[in-house]
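In structure tokens below, several structures.
Two complexes come next, and they have one chain in common, chain A, joined by chain B in the first and chain C in the second.
Here is the complex of A and B:
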């Protein structure tokens, strides 16, 4: 456990504490008075209120739309299921700069809703809420659907045989078993939407501001560190509360349930009701997720001379981006893959060690550490990025202009995914197997290799895939530290979008499509090696 | 089955290890220069829009022996703020990209040490805003102006707007999109232009009229120009419906440069009476490790070589009188003769208050 603790202390806790300290500690005197001052400001109160209610509304809407999806993915077999499940997860790992653009094509002027019913939702709160559904659909489908697919349907059937109505059987048997998973998924969605940044900025317009947006503005634009520090603390408190609740529901979920192989529970839909449920879900996925993604592809192929691969070809030449890039934009793909691989390696080592430590020990301290590992998901990237700047400036840790900062920042968001995926599987390994191996004369290393590894290696690969995909899409912290001679894909897209002209815009769309494909392919590979006990995301 | 999985894992592990070593190799290669006693690397810190031709940077190395390493860190405001945070222990030797709207913040924080660049005599006096102390050196200038979609105004047989006053007229109702002055540099420039034009007492009533005339505000230039504006390549694809946008005087030539095949005329034009002049500076960072290299780099930034390379990379105008403006600019760009300007200390004194009043007036 020492490794992960040191990693988080140096690359997370220390930088964040330093930047908060810089804001609140003026000349050796702590300005706690600022806290009341900032939190009493009506503008800030407005931001807090909006942040909370939009997160609550987004969570409710996501559950409403995604729960039928979770059921369909868990219980039905249909052609293209794996492809569809990978597709719904793509938004989760796409950078918001790209998605915002695509989403406007659905809700904005000339978008699908506009053409069908003349409805335009851009710069309304509905755009924000629907985009949050788009991003978090996969969280519900994977967390709830994952468990649902492993619930033994015979329990519900037994209730029916004993005379319960279909609804009563569902309410008394399935719902209590699913409850904790639904709660955990809701809390994760709430966490992600509470700390929403890009979506609110791009789709909501300047009239809407969440805590995260305000922290970014106060830090990066206004350099009002005291206000930013107070807001960061406020966000910390909120996120801490959410995570504590989440940890509690996760523990409850680990109560003994009779789980079965998901392959046995899924079957082809029967009857008009089930078919219409399936088509309803597919239609909602198509409208909410596939259409925006499709728009990106369409625009990347829509060259002035008709549809073609012109923009993709332009990516290979250095001159095309003017001097924005010292290398051809296509090199960003290679950079991104390299960074993501290093970040995945770091996340696997740190997350794996942490998960192993969490499995062996128990107690409030360890549980606290479990929640702590999730904190980077709820802390503004600008806080971490600026924290790096003022802390990692002295040898031996003068890393500010080093390439390693990029994968380190990416690994910070990857670790929680690794831990969440590994933990349930590691906990399921029966310690007596190891003891048996030892009794039979195996060394601890051999026991680990022959007992633990075969049982967890699929989870390890799934964790690696998640960490890899999340690293690929990480934008917030990377934008501050990526060097111009090796930009990552999301940074390259943002740079291309930052310039006028057809060729730049087209290339941005082409690179986004490539990013999407890379994410989708790694997720499809994951689908092939799903674990027996699915992870908690 | 178990063997294939193990093979896959090995492949993954090897790939990861390869990635680490390859990156370590490319990471160490360009740092090797800084470990020597006399550093041969000079580090330029800038914002995301910095760009230069690799050939020109190589020429600098040939002339002086220094290799330029560029660090970019976010937009102009964020990049400057990061320098202020790391004051005294800077990441680089030279910072480029502080403009006249933020200049006083940089100077008040004592970011730079004085250095009079060689070749400054070629730089016109009206852009030398720190001429007394030479803590910063002007490098480029540009104008933030309203751009219009030529086709829209031709199709609708409406005259194009020319001035701030025109924008509040009924024939331009619901046509203009601008950026959030609190978060976007052109947005702030446009606001400053109106404060210069209408004065401390008049700009708020101007914005009230603008709001009544249906101005739309989005968060950043990317959305305004690529999504909402009907005249740009991106906006056409996104079916943008605002034929007026706050952008740069150099945007029309850029539309031409990145269109294939190149059109005879630019699809967009500039309302030359709505411009605010932006000047960007570079300075030698206080605490720089390679002072000599930093000075050489600043000399180079105002030299004819860099000044002539710059316009087509960053789409700004050169400040050196001996630098030729590219034909693309003279052919497709607009000549802005009388832009609005605001003195840096006036901006420093009022910026936060103006932005605050503007936000509650226009956004709420």
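Here is the complex of A and C:
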């Protein structure tokens, strides 16, 4: 446990504390007055208000659209189910920048809807909400649907036999069992949308700004550190509260439910009602998830001279970007892959150690550590990135010019995923199997290799895949610390989008498509080795 | 083979094992018998090295303090088998051989030999999940036997099996251990299992040894009220012995000549309670009767004293509600030491 704690202390707590301290500590005196001042500012109140209500609206909308999907994936068997399930999950591991870009291509100026019907949504909040649904659909389907598929349908049948109508049986038996899972999923969605950065940055324009975007603006553009510090604290408090709630519902979800093999509960839909529900879900998945992804690909191929790979070719030359880059954009692919590999390795080591520690010990301290591990998901990535810049630039830890800074920041976001994936599997390994091996003559190390490793190997691969995809798409922190001559894919996309001109726009689309493909491929590989036991996401 | 000297284990304030001394000779089968929570499983874990304990454990005369689990060379069959789910039957049985660096050919030969021995020939390639409870049992046994441990320990070896299978396996196990000359230390809460399997029985109570003896000795002469009650004998009362008669709540009860005089506890085995005409014995009402196959257990409500259990042939069993007399046979009366800690 000491390793992960030290890691988090040095690379998470220290930078965040330093930047908050720098903001609030002027000339040796703590300026707590700033807190009231900033939080009293009408503009900031506006941001706080928007952040909260868009997160609530996004969560409600996601639940509304994804719950029927969860039911369909849990209870129905239909051709192409595996493929559809994978497709639904792709957005979750997509970089926010790509999601923003895809919706821009769909709903923005000159976007597909604009061309077809003259409809533009990029100036309205709807673009943000839809992008959030797109992004979080999988969270609901995975969390709720995963549990739903393991609920024994015979419980509902028992209620029917006792005289409950079909709806009453669902309401009295299934809904209470699903409740904690729905609550946990809602909280995750709320958390992700509350701290949304890339999507809002690209789609929000000047009109809409979340806390995270505002922190970025205050830090990077206005250089108003005190305001940024207060905002970071505000977000920190909100996220802490959300996480505490999440931990509580997750624990309740572990309450004794009788679970069965999901393969036994799904069957082919019967009757017009079930078929129309299925087609409704497939249609909504197509409209919300497949179309934006498709448009992204289409835009990347739609050059002024007709369809072709012009934009992709342009990525290879440095000058084409109009001086945006010191290196050809295509180099960003290679950079991203290298960073992501290193970040994955770090996340696996730290996350694996943390998960092992959490399995072996119990008590309030450990539960607190468990919750702490989730914090990087919610704490302003912008703050972390900027914190890295100002704290890790002097001895004993002078890493400012080192390439390791980027993977370190990305690993922070990957660790929670590794822990969440490994924990259920590690907990499922019966300690007495190790004892059985020891009695038969296996040394402790040998027993670990012979007993634990074969069981954990799959979960380890899944965790690695998640960490890889997440660090590949990390934007908020990377945008600060990636060096101009070594941009990552999301940073390159954002820079291209920030420039005018068809060529830049087309190149952004092309780069996003490449990023999407890399993420999708790693996800498809995961889907093949994924077991139902592994992972709470 | 195995010797324990003053072995104690404490979990917090509770002593799971309290200064236990025990000896198991070569080729002997010893069964530790006791209710759950009496420290039986802890005893096996101490011998295997899975549980820290004070006191000394000797195997073949060598002190085992500081010897890690995997170097002790004992076999342990876990209560719920703990077969490795990701390996097939052969992979499980060969595990101990692999740990000892046995060659491929030897592994294959030994696995076939052992599966033959436990009555599962040709099961090498089967998945663990596809085995029935009884088959898992046999695989677990083969796995424990494969590395030829100097001492084989069994934790509730037949615990989860149904009755018929259990009775058959007890006989098979006994034959097998005799044939292999294995030294066995088993624990169980089932007296039938212990008596059928063991050369010697050790009865445990709250971490202490309550009685050691052959199955016959323990059955005939329980050393204490606890052992008597654990074996299912409930006809226990306080008594004062003078001469060949004991004074009890049930009246005068005959005892064998030479019995220790004075205050004691007294057990009458149900077989020693004879049903006689009302005027010839203690006047009782028949409260209940339970058919037990070769005999009927009759619960009597005596005019004085606590309820009394009697055993009688099915043909002679009185109906519930009948009034009968009860008389006692001296040979089935056992005198137990007074138990100060039991009211």
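Keep in mind that, in the parts below, the second predicted complex is superposed on the first by the 483 of 537 C-alpha atoms of A that agree within 3 Å, B and C clash if a C-alpha of one lies under 4 Å from a C-alpha of the other, contacts with A are read in each partner's own complex, and residues count from 1 in each chain.
Simple rule for what comes next: contacts are C-beta pairs under 8 Å (C-beta built on N, C-alpha and C of every residue); 3 or more make two chains touch, one makes a residue touch a chain.
Just so you know, these numbers come straight off a predicted model, no measurement behind them.
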Worksheet item: Is A:429 contacted by the first partner chain B, the second partner chain C, both or neither?
Response: neither
Worksheet item: Touching A:439, do we find chain B (first), chain C (second), both, or neither?
Response: second
Item to complete: Considering only the touch criterion stated at the top, classify A:357 as touching first (chain B), second (chain C), both, or neither.
Response: neither
Item to complete: Have a look at where A:223 lands relative to chain B and chain C in the superposition and call it first, second, both or neither.
Response: first
Worksheet entry | chain A residues touched - chain C or chain B, whichever exceeds | B
Practice prompt. Considering only the touch criterion stated at the top, classify A:454 as touching first (chain B), second (chain C), both, or neither.
Written response: both
Discussion item. Quick check on the output: what are the common chain A residues between the chain B footprint and the chain C footprint?
Written reply: 454
Worksheet entry | Complex contact set, residues of chain A against chain B | 22, 100-101, 104-105, 108-110, 123, 201-202, 205-207, 217, 219-223, 299, 302-305, 310, 318, 322-324, 326, 337-339, 341-342, 344-345, 382, 386, 389-390, 393-394, 400-404, 454, 457-458, 460-461, 464, 479-486, 494-495, 497-506, 529
Worksheet item: Given the complex with chain A, which residues does chain C contribute to the contact?
Response: 48-50, 68-76, 78, 80, 82, 84, 86, 95-96, 99-100, 143-144, 147
Worksheet entry | chain C contact footprint on chain A (complex, rising order) | 430, 432-433, 435-444, 446-447, 450-451, 454-455
Discussion item. Which stretch or stretches of chain B touch chain A in the complex?
Written reply: 2, 5-6, 8-9, 12, 15-17, 19-20, 22-23, 26-27, 31, 43, 48-54, 69-75, 77-78, 81-82, 84-86, 89, 91-92, 105, 180, 182-183, 217-223, 225-227, 232-234, 237-241, 247, 251, 254-255, 257-261, 309, 312-315, 352, 359, 363-364
